Each structure stands twice: as C-alpha cells, then as structure tokens.
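Here the chain labels run A, B, C and D in written order, and each chain numbers its own residues starting at 1.
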Amino acid sequence: MSDTNSGDASPGHLHRLVLFSDAVFAIAITLLAIEIHPPHHWRGIADLFVQMGPKLTAYAVSFAVVGVCWFSHRRVFSRLARANGGLDVFNLLVLGLIALLPMVTELLWEKHDGEAVLVYVGHVALIGLAMGLVWAYAAFVGKLTEPMPVTEAVFVLLRVALLPGLMCGLTIFSLVKPWGWALMAALVIGLNLVGRRLTPRPAKETAA
Amino acid sequence: MSDTNSGDASPGHLHRLVLFSDAVFAIAITLLAIEIHPPHHWRGIADLFVQMGPKLTAYAVSFAVVGVCWFSHRRVFSRLARANGGLDVFNLLVLGLIALLPMVTELLWEKHDGEAVLVYVGHVALIGLAMGLVWAYAAFVGKLTEPMPVTEAVFVLLRVALLPGLMCGLTIFSLVKPWGWALMAALVIGLNLVGRRLTPRPAKETAA
Amino acid sequence: MSDTNSGDASPGHLHRLVLFSDAVFAIAITLLAIEIHPPHHWRGIADLFVQMGPKLTAYAVSFAVVGVCWFSHRRVFSRLARANGGLDVFNLLVLGLIALLPMVTELLWEKHDGEAVLVYVGHVALIGLAMGLVWAYAAFVGKLTEPMPVTEAVFVLLRVALLPGLMCGLTIFSLVKPWGWALMAALVIGLNLVGRRLTPRPAKETAA
Amino acid sequence: MSDTNSGDASPGHLHRLVLFSDAVFAIAITLLAIEIHPPHHWRGIADLFVQMGPKLTAYAVSFAVVGVCWFSHRRVFSRLARANGGLDVFNLLVLGLIALLPMVTELLWEKHDGEAVLVYVGHVALIGLAMGLVWAYAAFVGKLTEPMPVTEAVFVLLRVALLPGLMCGLTIFSLVKPWGWALMAALVIGLNLVGRRLTPRPAKETAA
C-alpha cells in the first residue's frame, strides 16, 4: 500500500512486521482490563468507584504506558525503509516486554508500595531501552532507515529509549504530587520543539 | 491502499491507527464472551437456556454496543484525511473505555438492578462522548478531515457523541417495555434521513 | 490494495469490515485453547494424553469448525464488491455467534452426552444460517456483489448456510462411527465438483 | 498492496490468509503471559524474581519459540504467489498447534521434570513438521510458489520443518549446559550461510 513509493528491497517483510507488532500492542492493551472484575458487594455507585479506584487508576496508567510505547514504536517504524532478521529479533524483545505488562500491572494492585512501583517503572523503562535497541540497530547497524542526519537519528534514539520510563515515572509521581504534571507538560512540549527543529519534514511519515 | 487518492501528509499514520483501533475493538468484542461459562449442572436444553439467559442477554446487548461504537468509529475515520499526535491521544481514550466494557458487562450479571444498569449505560454514553471528542478535535481543532460544510461536521458530532448512549439506554428500556423498539427504529430511520440529506455523496467513504 | 480494480463506492468500508471480521475469527479460534489447562497430577506421557483426550478432541473439532466458518466467510466476502450498513449488522450477528463458540465448546467437556452435543451442533448450524443471511442480504437485497448468475448465487447460499452444520454434525458422528468420514469426503468432493461447474473463473477471487 | 506486481490468480486469498495467521500468532504470543500472576507475598525485589523465575524463564522460551515459528511462517509465505483451499487446511493445522502452546507452556511450570520438557519440545517439533507440510504442499503439490530450483525448495523444507524443534531443544539444553549456546550459534550461522548461497536474491521477498 504505502510500499509503492519506497523502492526498497523488502516492504512486505516490514509491512507484516508492523501488522504483527500492532496486533500484539492491541492485545496487550486490551488484556490490561481482563483481570479487573467488579466487586461482589457494593452499596451505591460511589462505593463501587471507591472499591474499584486503585484498579482503575492502575489500568489508566498502564493504558497510557502502552499508548506511549505504541506511539514510539510507530515513530521508529515510520522511519524505516525495510526490515531484516535482526530487526525481527530486537522487535520481538520489545513485544515480549509489552506482553508482560498486564502481569506487572497486577503487581500494583496487590501491594501498592514503593517496591511494586519500582518494579513497575523499571519494567516500563526496560521497554523504552528495548525500543532504543530496535532503533539503534535499525539506524546504525542494519542501515534500515531512509537517509537522515546523525543528529536526528541520535535524537530519535534518546527519545524512544528514555521517554517511556520518564513519562511513566512522572505520571506516578504526579498522582502523589500534582505539580509533577507541569514537569510532564514541559517535557512533552520541549521534546516536540526539539523534534520539530530536527525533523522539519512531516511528509516523510508516508511510509509507515 | 486507499491512500493513493488522498494526497495528504501522513496516510501511513492514519492507516496504522485504524488497524490498531480495529484490533482493540475486535478483541474487546470477543472477550465479552470469555467470562461466560456454562453452568455445572443443567437438566435439559430448556433449563440450560433459563440458567444462561441473563448472561446471554447481557452479552447480546454489549455485543451490539461494541458494534454500534465500531460503526461510529468507522464513520468518523472514513472522513479523516490524515492523523496526528492529538488524534492518537483522543482515540486512545475511546479504546481505553471500549476495553473496559467486558468488565462493566459483568456488573450487569452480578447485580441486575437499577444502579448496575445506570453505571452500564453511563459507561456507554461516556464512550460516545469520547468519540465525539475525537471527531470534534479532528474536525474543528486539528483540521484532519477532508473539506466539508460545518453543518455536516456538527451533525456527525452529535451523531457519534449521543448515539451510543441513546441506543444502549433504549435497548435496555425496550427489554422491559417492548414499545421502546419503535422509538429505536424511529431514531435510526430519522438519523439516516437527516444524514442522507446532509451528506449526499456516499462515494466519499473511499478513504476509510 | 485490492481496491484499485473494483471501481465501487466504498472499498475502504469493505476492507475494514474484512479485517475486523478476520481479527474476531482469529481471537475466537485462539481462545478455544485458553480454558484448557494441563492436569495437576499425571504419571507418564500416556497418562497425560488419556487425561487430556476429551478436551483436546473438543478443541480439534472446534478449531476445525471455526476454520470452516472462516473459509465460508472468505468465500462470501471475496464475491462482494462493496459493503453497507446492513451488511455490517448481519456480519456482526455471525461474529457474535463465533465469539460464543469457546463457551459452547466448554459444554462438550462438562457433560459429554447427547444434549450437550445437540446444543453444540445446533450452535454451529446457527452460525451457518447467519452466514447464509449475510450472503442472502448481500446478493439479493443489498446488491453488493459483482454481477453473477442467480444459480451461482443460490449455490453459494446453500453452501455457506448448510455446510458448517453438516460438517460439524458429520465430524462428531464420524468420531463414533468411522464410516462417517467417507460421507464427509463425498460431501466435500461433490460440493467442489458442483462449485467448479458453476464458477469456472477462479481469477474472480482477486478482490478478497 | 503487494499484489500489483505478482500477477497471480488469488492474491486476495493469500493476503487474507497471511493476516489471519499473523493475528493468531500475535494472540498466542500475548496469551503466553496471561496465566502468569505475581505471587501474593513477596519480600523485596530479589525475592519476587526468585519466586517468578521459573515462569519467566518458561515465558521467555515460549516467546522465542513462537517468534521462530513466526519467522518460519513469514519465510514460507513470502515465497508463495497464491493460495488455495489445501493451503488453508494445512495452515490451519499449524495455527491449531500454535494456539495450544500457552497450555503446553503451563506444563513446564507445573512439573519441571524430564517428561514435561519432552512433551514441550515434542510439541514444538510438531509445529515445525506441520510448517514443513505447509511448504511441501505449496511447493511440490499445489504449485503455489514462484518458480524456484528444487534444491532451494528442499532446503526451505528442511529448514522450516526441523528448525523449531532443534532450536527449542537446544535452548532448553543450553539453560542447563551453557555450551549449548555455541551449538545454537553455529546452527544459525551455518543455515544463514547455506541459505545465502542457495537464494542470492533478497529482492524476491517483496511479495510477502
């Protein structure tokens, strides 16, 4: 479909890899809710929300995390012109960590203390690093991208590798200290400004 | 595929967003059935259906709800020419509410009274409002649609924002008072008549 | 993708509908296995297979059933040139029944007698009839197909409406009386012969 | 999409078959994690990892197994020019075994001894053989591939039929005896060298 104007060696491979990854993301994001069950006893709607509050909060955070990871994944793959076996392997690593997220989210319910939060944020940071590995391999080792300046490639690397962990940590921090949201907004706006200066050609995303 | 005649900046982005959303809808709709198990003891087929009746009814209603939401989603996205980060975020909100629907459906089994029904219908209405947010952002803020008259954009907004809640409420009402179905039929036919007058070009849906 | 040579009004709609249906089929077929768990105690591999035999048999039968339904669905949709709202609704009915199949399969484990088998085969026959409804609507009411002789349209109707129930009944019958497999082979070969005489143009399937 | 340059009889059929298979692979790989739950009691992060070690190891092995099977599947289907009913049936056999893998993985948790490992590796080897059947049917019986030398077809057959079982057995062996990893590396590198000599045209993968 979008393969016609890329003129590369294996668009079919890249296309199937993207579809496969999307399916895993979609399943993982939907399974986040599958272990949430309504309480057996509840008196009135307010009581229902009080009882389900922690689970719904954890759900919302994890949903946002998978969303951010999916954005990063799309961002990385929209810059690729072809795929190879190495990309398959590193991408599989990302997907394997994504598929574990529903389980790691359960940790947050069972034991809502510092250590569970640490494991959770650590896991999300690991997903970011794995995504950074995918990009580093694609851009610097496998030469799978369209030609781009090195500064841009390094910026993308830092962005996809660090953003999931940072945003996840900041989100949980902001649930406790509301001024964390200001930090988050600054981070997102700042990254967008830098990103726009480095990549002034939005039309490039056509080969997603 | 359908990108060739749209001439926009990021058809790949839009295409991946649609596929991702479709996958979430498909998973949510299939998971509706996953918590339904046959009873351990049943005597004869009639007894089986009596025992399973409430769960199967709730399943049918929720299946129809996800179906209506999917139609609305398709309707909205068939009018878009491109996607951007803001659309990602609002769309994610819709998907997050859709993925919760199997859990909210369980509420209907556990405690089949007015409050459970209220939470359920409220959740469906919320999905509609979130879909309206997606459309309002796309049409009025992000300018992601193909050119269209403002009246049509407002009609689509009202339709996607209010229809899920209305139809869900009417369906449950009609299970108790059968003449509710006549109201529902009038609603659907009326909307189609207005829709046809406002959008006389069915060929526009090619860019879905 | 395959839209270029069809020249119809809404190929995007049809394409999204097919992808959505495929996803539901794929999820339902994979969820068939999700309630199967290995026994807690087993002595040797032979004992493991003896203990799991009934569940694995039911799994194999249901997997084949979903497979046959998917073939029928593909067969129907490969003959369509466009989609509309009515097709959405009837197709949703098919998907709703498909998504219930994992639950109906559990019936076969719990109570392996004539009544459970009857409910199961009845459910599969119902899926076939719903698929027949999709085709009847598409071919005779909505005029969504490419031009074809009426005899062919009627043959497709009988085939998709009756085949799932027949094949499922015959399969279960053949598990008890092995000469049922000969009947099944005769049915499949006969249908293929008739089908070839009526539809001598395999190249038509390009617009799937 | 990639159908335009293949000029075959039923690219739509092949395309839908690939998408359907991808979805089943994606669901199976994601469901591997669904039965893993965090322990109810754990003291410190180290204790958490000790308690979850066996499950996470089994998860990682199975994830890699599904990954290798997906690579094989992609490899096979990238060489096909069209699909037919026979391919549907053999492919369904592969998918049916893939969908059972989450259940077979549970075996490894419950009873971590030689017999459970034997069943597991045997199941993976069976997946490989089923994939070999798909390829043998496509290349030698159904003539569904693009023209290729017989030596290449036989090499692909051996590769897809034997690799999953071999790699799975070697992986589990290497968890006990670390020098098994060297064997594995030699196997992968050797296969790639032979593969490159036999198939010097990577551009052929465009029709995936």
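Everything below uses one rule, namely that contacts are C-beta pairs under 8 Å (C-beta built on N, C-alpha and C of every residue); 3 or more make two chains touch, one makes a residue touch a chain.
What you are looking at is a predicted structure, and each value in this text was computed from that prediction instead of being measured.
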Copies subunit B and subunit A - interface residue numbers shared by over half, same or different: different
Of all the other chains, whose mean CA position lies farthest from subunit C? A
For the sequence-identical pair subunit C and subunit D, what is the superposition rotation angle on Cα atoms, to the nearest 5 degrees? 90
Distance between the CA centroids of subunit A and subunit B (whole Å) is 25
Round to the nearest whole Å and give the separation of the Cα centres of subunit A and subunit C. 36
Touching two or more other chains - residue numbers and ranges from subunit C: 1-2, 4, 19, 23, 27, 31, 34
Help me check something: in the complex, which residues belonging to subunit D touch subunit C? 1, 3-4, 9-13, 15-16, 19-20, 23-24, 27-28, 31, 34, 85, 88-89, 92, 95-96, 99-100, 102-104, 106-107, 110-111, 115, 118-119
Residue numbers of subunit C touching subunit D in their complex, please. 1-2, 4, 18-19, 22-23, 25-27, 29-34, 36-38, 40, 42, 44-45, 48, 59-60, 63-64, 67, 70-71, 74, 78, 202-203, 205-208
